[in-house]
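Please read the structure below before turning to the comments.
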Amino acid sequence: MSRIDGRTAEQLRPVTIERGWSKHAEGSVLVSFGDTKVLCTASVTEGVPRWRKGSGEGWVTAEYAMLPRATNTRGDRESVKGRIGGRTHEISRLIGRSLRSVVDYKALGENTVVLDCDVLQADGGTRTAAITGAYVALADAITWAQGRKLIRAGRKPLTGTVSAVSVGIVAGVPLLDLCYEEDVRADTDMNVVCTGDGRFVEVQGTAEAEPFARDELNALLDLATAGCTDLAALQNKALAATLTD
Amino acid sequence: MSRIDGRTAEQLRPVTIERGWSKHAEGSVLVSFGDTKVLCTASVTEGVPRWRKGSGEGWVTAEYAMLPRATNTRGDRESVKGRIGGRTHEISRLIGRSLRSVVDYKALGENTVVLDCDVLQADGGTRTAAITGAYVALADAITWAQGRKLIRAGRKPLTGTVSAVSVGIVAGVPLLDLCYEEDVRADTDMNVVCTGDGRFVEVQGTAEAEPFARDELNALLDLATAGCTDLAALQNKALAATLTD
Amino acid sequence: MSRIDGRTAEQLRPVTIERGWSKHAEGSVLVSFGDTKVLCTASVTEGVPRWRKGSGEGWVTAEYAMLPRATNTRGDRESVKGRIGGRTHEISRLIGRSLRSVVDYKALGENTVVLDCDVLQADGGTRTAAITGAYVALADAITWAQGRKLIRAGRKPLTGTVSAVSVGIVAGVPLLDLCYEEDVRADTDMNVVCTGDGRFVEVQGTAEAEPFARDELNALLDLATAGCTDLAALQNKALAATLTD
Amino acid sequence: MSRIDGRTAEQLRPVTIERGWSKHAEGSVLVSFGDTKVLCTASVTEGVPRWRKGSGEGWVTAEYAMLPRATNTRGDRESVKGRIGGRTHEISRLIGRSLRSVVDYKALGENTVVLDCDVLQADGGTRTAAITGAYVALADAITWAQGRKLIRAGRKPLTGTVSAVSVGIVAGVPLLDLCYEEDVRADTDMNVVCTGDGRFVEVQGTAEAEPFARDELNALLDLATAGCTDLAALQNKALAATLTD
Amino acid sequence: MSRIDGRTAEQLRPVTIERGWSKHAEGSVLVSFGDTKVLCTASVTEGVPRWRKGSGEGWVTAEYAMLPRATNTRGDRESVKGRIGGRTHEISRLIGRSLRSVVDYKALGENTVVLDCDVLQADGGTRTAAITGAYVALADAITWAQGRKLIRAGRKPLTGTVSAVSVGIVAGVPLLDLCYEEDVRADTDMNVVCTGDGRFVEVQGTAEAEPFARDELNALLDLATAGCTDLAALQNKALAATLTD
Amino acid sequence: MSRIDGRTAEQLRPVTIERGWSKHAEGSVLVSFGDTKVLCTASVTEGVPRWRKGSGEGWVTAEYAMLPRATNTRGDRESVKGRIGGRTHEISRLIGRSLRSVVDYKALGENTVVLDCDVLQADGGTRTAAITGAYVALADAITWAQGRKLIRAGRKPLTGTVSAVSVGIVAGVPLLDLCYEEDVRADTDMNVVCTGDGRFVEVQGTAEAEPFARDELNALLDLATAGCTDLAALQNKALAATLTD
């Protein structure tokens, strides 16, 4: 049985990772998972938040947002509403935690990197695309900081790579990397964040319709692990290319 | 090796479920998991939010909050700050989703139940205690609504029971139901929400310090499943008692 | 003529003052005036707000809030609404002023005590119960601070005791300590805060329905003064007991 | 002993009540108590808030604010801060309650009057000047509404007059109508709102420095009652003049 | 063809500039353009915002607001709404820029002047009246600061005078200084801010109904330039009078 | 004398107008003026705001925002700050007014179009690029609405075209379409919005440093008018191409 867009169950959508998208940011990536497009910028500043000053350690944080018409129906701007919604908060926190899992704060030194992940177009999997793209932007920002001697010579602030993918059970079948139409029909939806060496950073599974059994969970984890391995390869390939400014 | 408080790795803290705590609410429970104490009230109102009117279906939602001095150090009130923090949002959403997983909206009819989970004292596991207590408050509120004929005779709005527990890996050892001191030392922290029949509603695992491997994940899921089974038994026992007003 | 709950006009509801309710707070009291239950915690921190630094004087402040289902009908959370209502502000300010009236800032030294008064269940007189309970929590917090040498030996930061009670004219009869049902039927409602030696700290009388004459005011003040004397005795008795941690 | 500005203890400051100040408002008064100047406008709209619709009864409410430089030192605008402070809330509520005490809602019919009291210059007693001036603006607005037939012929929405004054104990002496310099030096500060027939609508006494005894309270109430009688005469005199538009 | 109020097309409304209106502010002006009345106060404080510290230069800023019943229909308070509207922001920024155009920051030294322009009554042209009045308040505040030696002897912080006027095309005819009724009927509306020597500080023209041609723009600029010349003369005349405190 | 980027004084930067950028929006354009890139989406909904219901007329409005790292230094998100800044408000209002100047509300019928202009990368002239791009997105959205029969056959909601450009005086020389580096050095900065037939919709000139004379204003208006003519041609050319979905 093939999927809406002709993929097999264990196949990612076409993934593109366009580095150096912005002329201003220290790292910037336009990542796409199919029709989902997220602009990830990494902003480096010397110094750390007050509660961390003098520790010799750096900090990495993230903010996620959607443009109002990234989705099929226009959503109100959170700036106009005057507050950030629960979903936005939750995803921003997830992205931050995911990236911090591969950062050595000591090696980073007292520098802060802010990852901004703005969804320009949404078609499911915006948070996983954001994590996958933000890692590449972070890597470029760290290279930039090393070039500027903000980071001491020989120090490696990144301890590994990190990527993320969604999986879910649709009509009884476990599927990798759900697009929006699959996502709304899923009984179970899971977002998995893995390091490049195949370990888990985050596992967030939700029974959207029907509670799920242990063997279903296992099938989803298998799919996700394989998907993240593929994404890690794409990240490495993107980073291997020379970035011309 | 015994734990800080003398428990074995697979042992819950002493759990108490005190029904009928409030004279006003349609359902109310003071739940404690050791020193963690959460007041859960269920408020029933006829009618549903606007987007659901005329559907014949009900709605269940939840709000979580901490008293400012529930914790070791006083936290600023979110009402004074003028905004709800990301963590509060995230937990409120988790509690709501967890309870909705065992609700049959059609059977509930166009009624709304709001679960308020206010942490009076925190010692780790506040969200899992909240879910476990809120289920009991919800059950009482539904019984109340049935008595008032707000729900049609013969309808069963609850399709099962739901409870939750935290698990984590501390110093390499998987432990059930972490208290605060264990929680801060955990490498991996996972909250698991299960139905009474042993299926998963939510699985949220986070590598606090070190990414975790598949076998560690499996060990944590085993612990959590067993813990939720114990909690379901405690919920049923509490609900079996006669509630004298 | 006896009252709804069988009391005489000049009788308080059953009052309980449970010290040491919280394991975290430096002082904590669960106070009840009949079915009104307020959790009062006192949090001590070294240092004072910026505008007071270097003065050698301490500071005491208070925050009052209600749980959403403390009342018969659920109220929206002020944290969710994003602003604190006028009533909350007004009562927080009243509690703070009342407690400061018995504090010697010089003796307290540059320490701050925050009193949090959270209404768990409301049945009239929440602000007066809060003041009465908060005084006891404050006294315990100061004892704690003396034990930690935050306060210099021999200094007595408390210059007296303070308690509060509501009075009102219901169907032409002046009554002490109104419960909710009496409160809504009162023509005149007054909250009186007294020191243990019978002097006034606050007198706040409001004509809810009908302006009141001088002799009615006098009758209410007589009732309130006697009620506060009783409350002061209960506070002293509670504080005389040994607090086992 | 004479006061800072040469008055006797029981003397009001020069009071002016200038009606018809605004060309837009249905009632408008620029009231001054010495150097305290408050612009009070009364805005009439047909209809009432939702919770009162269909009751046949009207509504009266008030909002109080200070211009940023009404005081000796510039204060930040509450609109810029994005929230109204506790003091503003408290005074707005006091003014609203005070005016409602002389309103017959049935006679008013389903009309709403909003009293805006904006302090243009402050020198103590801004809330009492606001109440005193707002009453006159309200009276003019009701006359306007009667002329427009918004109020049924023969109905009298005002059941009496209302005015307010501050009193306090300064250096042991009870004084009427405190100016700012006296106010900051007062041990006890009381605001009293009276009807024209000498009954009390609000009595709000606060021990700023030292708790006060019953006889001090009595002396203050005597002073305030006499002061309100004088203010009622001034209100009546102002309203007796013909208002040329 | 004469206008609603009998003026010719190129005639200002009666303009009054009342200095020394407030006893507290360092400079204060009640300015009226016909029925438009704006209270402008200038508050001087030593020191500058953080981003300007150590520069040796001063700062001038402005805030504009309307009383709720300054207009024909009552508007909600921005403090109550919890946010400042776009129009308020825009006008505050315009006033600030206009006044800064005639300030020599070096001569002002590290002092800040805040201009508060509160519209007490509105009848069109509130922003232009505010700029015209605020200049005079600023001039008085600077004189005050010179008297206090906050500004070094011989320094002249004001490099010129500034005033503003509205112009518009109503029924095909270019008119100076529109009142509210003309303003709502205008096809094109322009606010022009000029220095006393006839140069432009701001030109803000908007096609309210119909785009306008170059020759219409020229006619409006001619009118505005002449109007500002008249206003500059009135400002100078007002400032020439002795200000008795 | 040539400019920083080699242009002549009266030359636009390279302008690109990419239609159909978004798969969701009814009209969408990625517009660039040199390195300034703005994503403009037009969202069509049936119905109009409440105040316009039943009028038979439509509504067009706009919201402008910048991504946090669109600029050289990262700016805080307005959604996180909880309020929209004055500059954002002002530009959103300008864009809305500009587009409404070419809309026939009657022909549009009771439909609403919201233009979202999100700056992805900023290098001066973001508001003028936004207006120029938003017009094209609006045109596409109207074509879409005509195809869906939301607009009656034969009706033409657009009465003309509209575009915008910045001009300024840098080092004494009037220049067209300032890039960021020129903008910060400009003595005078003007944004001009023109219809395709050469009339003015908005003229907003500001003396950033030095007030400007009438002949300078004339030179700037000449430059801007010519620039807008060029932009109108580019808009028409872009719209003449077939949009393949």
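The first chain written gets the first letter, and so on, giving A, B, C, D, E and F; residue counts start at 1 in each chain.
Basically, a residue touches a chain if its C-beta (ideal position, glycine included) is under 8 Å from a C-beta of that chain, and two chains touch if they have at least 3 such contacts.
Since the model is a prediction, treat every value here as computed from it, not as a measurement.
Common neighbours of chain A and chain E, listed by label, are F.
The chains touching chain A as well as chain C are B. Averaging Cα coordinates per chain places chain B and chain F 51 Å apart.
Chain B and chain E, compared by their mean Cα positions, are separated by 59 Å. The multi-chain contact residues of chain C, meaning those touching 2 or more other chains, are 82-84. Going from chain E to chain F and on round the loop of contacts, you meet the chains as E, F, A, B, C, D.
Against chain E, the residues of chain F that register as touching in their complex are 83-87, 89-90, 92-93, 97, 101, 160, 190, 194-195, 197-207, 211-214, 217, 221, 225.
Residue ranges on chain C touching chain B, taken from their complex, read 22-25, 28, 35, 39, 41, 43, 45, 63, 65, 67-72, 74, 77-84, 88, 114, 116, 118, 120-123.
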